[in-house]
């Protein structure tokens, strides 16, 4: 049975160097060192984790404790019209964030609708079509660069663009969406690109070999496989912009009443609201005011609105998670 | 009916690297042709040029002609997608779609091309394809489980079922059985035997017994030295190839066989 | 075997769809170039009066911004640039290792349940708006961190970076760097975690089977696999830090020096925060000057990314 | 619209009496400008809408500079500003206004407090007495200890600790800063060698963004001193400033007094403008000299008659007793002195509504 | 010297799913033991419990004993890392480290213990290991090229070289030749033959000829039905197993062999 070896005059091992393996045996100290290293890294990683937790927990805790104070149904169902100083409104509240919630949702949705398709398709181009050519390298470099555009510059850009297109002083929610989409795009492209890259090539080949067009291979196999990653990338991108303040002050403006029209009139968003309330710091009460007049109300509103913003983000995340879970790649065994 | 393939003066490149040189081969319709040869000699590479899968590798390209029923696949007006629809392929490594259930995996080729299959048709197709790949009994109760949850061998059989389900004219298989146990292998070989009445089949294999068992024709690829391009050394009907090869290299390679 | 005789109809078209899809993908790629060019041109034209305008007026504008400290654009923008880069790099330095640590903790160390919960928290934190970081940083962290900075200044004061006395309240570069680090931490973590989780099991097993410890397995299989992702994530985070406006604006006590005294107030300022601070009260020429500084920031981001890219290219080649 | 807090009934009655003379204005109107005006403007909008329920008014507190810039593009009906228009802005406005050039009128007076946080003093509710030179030296970094003889001398009854002084100033461009330092320039120029600017000129102490930033920074550490709008002082200590031979504590009334003692700036170009030249060196009894005058900027004629109607009605309301009271209640401002009102009313009359 | 392995009453779980039941087997030192059996019967699973690789799958655990020279691998005080140092493993799918060169891949395991390997030692080691895997001639001129640039078969041989380079006491191989051509297979089999004088070798294979050629003992695994746990059906020395099996199932399986 072992005849085959005899047929070949030259076995592969002839001419192989002689190795004294005992020299490579791990010494006790080497093993010790490796175990120490392993444990050390474990500790280091755990410590990194704990250290990071401190500020993050503090941040959440502060927001929740301060925000919960004024967060109630009244706060969620009224806007800021007719709110004067620290006085109570006829409904028994102190104004609210209904208009800002609507503004945030609409403007962010607008930004999503612009940037997610473009960003995703750009990532598709980079990963699926470009063959890593010059153009692609340039684009992905520029995407990185784009991620460094200061948000305020994005605001200036959108503002100037609308000034040129629609006349001076144009301010509306959509303008804010445009500014935000500029900030969102690079995040979308980058994270989608990374997610597409890790889809195994095997799957593309399998699909192409079934006579499926490239477009369907991409949409039905590649994007589908990467979907959970794309969703969390999109959420990351939304997260990147949902808290923007500076560009929205410039482009979407600030208004106390509710405006549901994204394309006309100023719109308040939650971060802008938080910032404006923080800037007010204290409210005044008329000299003869009764106990219902609260001078610290602006700061309390700021924290409450911050909490609302976090809750909205939380809900978005939750939706994203569910989507990701439903479409998750059934884990390999 | 299966279709014939004629390869004329084919040079295959990865970028600037000439991987396989001057291949000329006539693959008969409704026959099984096996590619054998040492590792790295370019069997997979040649196989992949037969359904234009080669060109999806960046920089890879092909010179020469591949005629499918006389029509050059590499003509300008030929749509590679259409080619791949007619020429099915099974890979060396099992690659079921991880997002799909077993059932969906089998139907992928049909569904991805936007066909709306009635449920009962789909059920029939799934059963037919899975039986063909000798997987039906093992998975019939869990068709909706993810395909990736199967063992390696099961996964490969699933991939064969998937390729077969689109009823190609030609079926290319790159070592389809290398991850299969003998019983599954046997079933696949039976399947190949069955299919060849309708289709043309090309199979890459390391297992010379397998080639001897199932192939009507055998192509022996070789390479002069590492770094040199591979080439088609000898092509003959299987009986000649294994009993009385007219080529010294082929004889040496085949006599090195065992068992 | 009934379906054997089913005629599988030729698949419907798809060729046009294919072409359109490809075209759209291309167009979107190009669009990025166009948008960026538009932003650049916009910045350039708005900043043009700095070059082509009345230099005396420019100089007056700059001195009005700085109370006479600087009288030309460069002596204005360079300290700002220095401050921007200093703050961002510090933030990245702090956040990078911690993030990678957390990402590994989630992907490879924590039990599955805990990991899921943590992932969730991280994603959530990535979405906390910078105003809130600003609020928290300015109102909670600044007083809380003073004793620590004071300790550092007293014990490590011999290192120029930590030269005392530590400012109280600590509205300093060090504090801002910490806030920015906390802010970008979830970004790096979230992205690297996703990548780490995708490390092929094959490679992990290969490492383990060679007798690698967990950490060695991470070094052999996980980190090399995740490298390009980590770099992208860091660049994304750096970009965010470079351009962060509100948190810096609400916390940092600005100055216009080339100073690395991290613990002292009124040493540096960042470009983005400076624009936000000056823009509301700026006149036309003032806005041009500010946009000019924005343009510089834009160019710096370009250079930083370019270098980072070259470095990773070399490392992976 | 949805979520609006409908105005209180009492408001409705009160306003309908006093502004019965003019027909209600209706439409969408926008203003932008000084963020410091926000609280007052909120109160005015609420009050104005009481008698003009069909007017929708938005005020964007984007900053004085940005507000004026926006106004000069014609996008807003009025601008709120911490400072009077510059000459070139008046010139520019000619292309926006239907005829004539824009003008500004004062809408309220707001005293600027010098606030401090010092253990044993501010938390005991006590004021510290200082003269202009001392304040200037502190803010210029020349006096660095709370028990410096210069301070101690003026505060014999206080026990001042040996604490370092941490100066807190605005880090953003600010009308408050400009008004504050112009007090030094006018009263003690030898101790303040910087150009007048809206930016803080030196690197003494710490900068903070906005009034709220200054206040919260001052609150965060012992030994801090800063300056901020009176309405935001809260429970911080305030400096009593030397006027004549007395140290006067800040109050709205004391702020009004200095304006009563000030003249109109007649050197400004443009018609209808009412610009106050604040007499920081006032010796008036009980006056508090560090104040800021806030202006509204409008056109004498608008291309859109509705806008003109609104501008006129708005300024009329804002400068009325009712409007001034609303601002005082909501924002802690000092009302315009009676002496100014006629001039202001005359300018408002100049707005052409037909 | 190789070490003996005794497996006693081993039950292997994936989460709650009992994949393999009550395995008892004695693996002799310095012998080659082959695992054969139909796909999905748990050969790979059992193999992976011998170096505690099984437990890295979340939820996977093992009951019973695996004694390496009398010491239970699953004792509390045993470090799995140390176990895997002594027990090498080669996988079904080639898995070279994608970022490493061919050379670095071979040295990967050795470097873990010897950070500062002298260049000449390293060179010798690389050559020795690559020759052992019959890859030396093909790659000696491009040792610094990335390991994944090789063809499938070349990659697998690279992985064998990598496992061999750390010179383990026991070598586990999960279908190491399923992606190899006959010549490479032969070389690997020779290598196994050579190595067994020093080491204990366990190999999973689908190729019964291979088992018959190289194994001293053969274990036949089977499963009663799909979804049921697999089990060790029959264990015997190879000659008995293939010539005169005392087990009906085993005989049926083996007689189904071909060639």
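Going by the order they are written in, the chains are A, B, C, D and E; count residues from 1 in each one.
We adopt the following convention: a residue touches a chain if its C-beta (ideal position, glycine included) is under 8 Å from a C-beta of that chain, and two chains touch if they have at least 3 such contacts.
Here's who's who by UniProt: A = Phosphate transport system permease protein PstA; B, E = Phosphate import ATP-binding protein PstB; C = Phosphate transport system permease protein.
Please read these numbers as outputs of a predicted model, since none were measured by experiment.
By the document's definition of touch, common neighbours of chain B and chain C comprise A, E.
Listed by label, the chains that touch chain D and also chain E are A, C.
When the interfaces C-D and C-E are ranked by how many C-beta pairs touch across them, C-D comes first. Put simply, the chain farthest from chain B by mean CA position is D.
Chain nearest the geometric middle of the protein is A, using mean C-alpha positions.
With centres taken as mean Cα positions, chain B sits 44 Å from chain A.
For this pair, chain B with chain D, the centres built from the Cα atoms lie 83 Å apart.
Separation between the centroids of chain A and chain C, computed from CA atoms only, is 13 Å.
Shared interface positions of chain A, i.e. residues touching 2 or more other chains, are given as 1, 4, 8, 34-35, 38, 211, 213-214, 216, 250, 278, 332-333. Shared interface positions of chain D, i.e. residues touching 2 or more other chains, are given as 35, 62, 216. Contact with two or more other chains is made by residues 11, 14-15, 18, 139, 213-214, 216, 250, 276, 279 of chain C.
Pairs of chains meeting the touch criterion: A-B, A-C, A-D, A-E, B-C, B-E, C-D, C-E. Partner chain D is touched in their complex by these residues of chain C: 63-69, 138-139, 142-143, 146, 167-169, 171, 249-250, 252-257, 265-266, 276-284, 286-287.
Interface residues of chain D facing chain C in the complex, by the touch rule stated above, are 35, 62-66, 69, 86, 166, 171-175, 194-195, 197-209, 213, 216-217, 220-221, 224. Touching chain A in their complex are the following residues of chain B: 51, 53, 56, 58-59, 81-89, 91, 93, 95-99, 108-109, 112-114, 146, 148-151, 159, 162-163, 166, 168, 255-256, 258.
In the complex of the two chains, the chain E residues touching chain A come out as 14, 57, 79, 81-82, 85, 110, 112-114, 121, 124-125, 127-128, 131-132, 134, 136-137, 166-167, 186-187, 190-191, 193-194, 212-213. Here chain A touches chain D in the complex through residues 77-85, 89-91, 93, 95-96, 98-99, 163, 168-171, 249-250, 253-260, 265-266, 276, 278-287, 289, 295, going by the rule given at the top.
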